[in-house]
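Next, two complexes with chain A in common: one pairs it with chain B, the other with chain C.
And then the complex of A and B:
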């Protein structure tokens, strides 16, 4: 799994994750991703369009990111989640913590509140 | 005997598992190739890989530190369904009977664990646990979902 963080406008970063989010992959990126999210500041849009698989460790990683963002009183939203991954998120009630938007513009609207 | 995909395609496979997450990733690739070769629906394959990930990571994280030294993943086609058996020689543990933490607490509290058991129970179609001698054996069945 890989990630890229792009500043898209004042106070909002887009975090693009790509590849399978299995246990080994999450182990490989967790520390660096958390550190960069912590340093980024502002709201976060998570783009998961390139993630075809995510298990419980991936979900834990997303929760950790959401907490980091919440601690600075910012908001986080997801977009592009593939249907089967979205089904897992729904059964795990993750969408209560990180809302999902159908596209990038809708995600920005969620962040704007 | 296992009955599954059309003749000529391998219909069963046994994979010894090293108890380490990178080895699991490699085993998942082999499992995915096996299922794809048998014509497994993408939706079923996703659920199989998801549940195998959770069961084996439980063994790696919780049984390995307490004595588990080996595990085996067995997969076969049975009447068009995917039958998985996962065995390990760790302490007795039934993932189907272990208490579940409420999801709400796991999401907002400081204990982020406990998702794996939810995923295991919700994403297979049938499951049975047995302690056979010194071995945990978890049998899981996956078939196309109609609803």
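And then the complex of A and C:
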């Protein structure tokens, strides 16, 4: 799994995750991603279009990101979640924590809201 | 190297091609054999060649018709280790390539012998000692989890059969059930993450459930139980660990089941008499992920003779490159196969998952619990 963080506008970062988020893959990126999100400041849009599988440690990573962002009183949203991953998120009620928007603009609207 | 003097087969192996590399006695060479449900066995490589085969006197004896009596030999030449196929019928493979000429092994090389995989490890002596200590901790943690699992129930109004096959690193699965007057409680849980920490987290939860140590909580209300656990096991206070869980309480006389779930796979209801198979999905935050989350219980009346299947991630999520597609539909189909003895379902599913995974060890705990109503 890989990630890329793009500062898209003042106070908003877009985090693009790609690849299977299984235990080994999450292990490889968790520390670096957490550190960079911690340092980034502002709101976060997670782009998960390139993630075909999200295991329990991948979900833990997202929860941890959401908590980091919430602690600085910023907001987090996600876009592009693939249907099979969305089903897992719904079972976990994860969308209560990180709302899902159909596209990037809608995600920005959620952050502004 | 000690030259055998007893004229055994060991002397038949030519060592001419083995370079006499420098001997580094701070390095320990081992072969590690992993099998689900047991501690990986570690075989240090001494100076004498080690034979792998189906029968003694092989030093590593492996079962299976695909293993030849004398299958392959692993020996050291100074600081190097190599594998030689001994004319086995089905071949010896190193990292997927069939061994023709003897092959020298790199650290982490996988040697496949029939359905078994041996991993070659080259460690500094102190690392080897630390690894042995960790393996011993893992074995103790697994034994602890095993000791807390309830025995199967083979008579009475609610019977139970299960299988628990922990992966080598331990995956944090646990389950339990108990009778409480007219009620029968059952749960399964799966801690996110692997290792002794995950297993000990599951043990903490099992002990809370066994001792019913949830103050002020009506344990016959699944939503209240999950809410109390969510409060008790906030991931921020437990090294970032959370777990998924399914919890159900059956009122035995009326067969009414109340259940709730915290991010866990849906239980599957199977009614053999009518062929009905249906998932009992329930939505809810993983335990510890969202403080104050309000869980909701659902209610269903189970038919007489109905079966309930509960399972963990390890039964559903296999590696992406297994031979056939695998997911909830296949799990359900295997567990609910017609005309099968109910108590064999968990074992049947395990055999199927094992077959699909080939020689590779499972990378998550495999747990399936089946409850059968009279």
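Rule of thumb we're sticking to: the second predicted complex is superposed on the first by the 113 of 113 C-alpha atoms of A that agree within 3 Å, B and C clash if a C-alpha of one lies under 4 Å from a C-alpha of the other, contacts with A are read in each partner's own complex, and residues count from 1 in each chain.
Here, contacts are C-beta pairs under 8 Å (C-beta built on N, C-alpha and C of every residue); 3 or more make two chains touch, one makes a residue touch a chain.
All values derive from a computational prediction rather than experimental measurement.
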{"item": "Contacts of A:25 with chain B and chain C, given as first, second, both or neither", "value": "first"}
{"item": "Which superposed partner A:56 touches (first chain B, second chain C, both, neither)", "value": "both"}
{"item": "Which superposed partner A:90 touches (first chain B, second chain C, both, neither)", "value": "second"}
{"item": "Chain B versus chain C as contact partner of A:64, first or second or both or neither", "value": "both"}
{"item": "Shared contact residues on chain A - chain B and chain C", "value": "20, 23, 53, 55-57, 59-60, 63-64, 91-94, 96-97"}
{"item": "Partner chain B, residues of chain A touching it in the complex", "value": "20, 22-25, 27, 53, 55-57, 59-60, 63-64, 84, 88, 91-94, 96-97"}
{"item": "Touching residues on chain B, where the partner in the complex is chain A", "value": "21-22, 24-25, 28, 42-43, 46, 49-50, 53-54, 57, 60, 103-104, 107-108, 112-113, 115-116, 118-119, 122-123"}
{"item": "Touching residues on chain C, where the partner in the complex is chain A", "value": "190, 192-194, 235-236, 240, 242, 244, 261, 263-266, 281, 283-286, 289-290, 293, 313, 317, 320, 363"}
{"item": "Contacting residues of chain A [partner chain C, same complex]", "value": "20, 23, 53, 55-57, 59-60, 63-64, 67, 90-94, 96-97"}
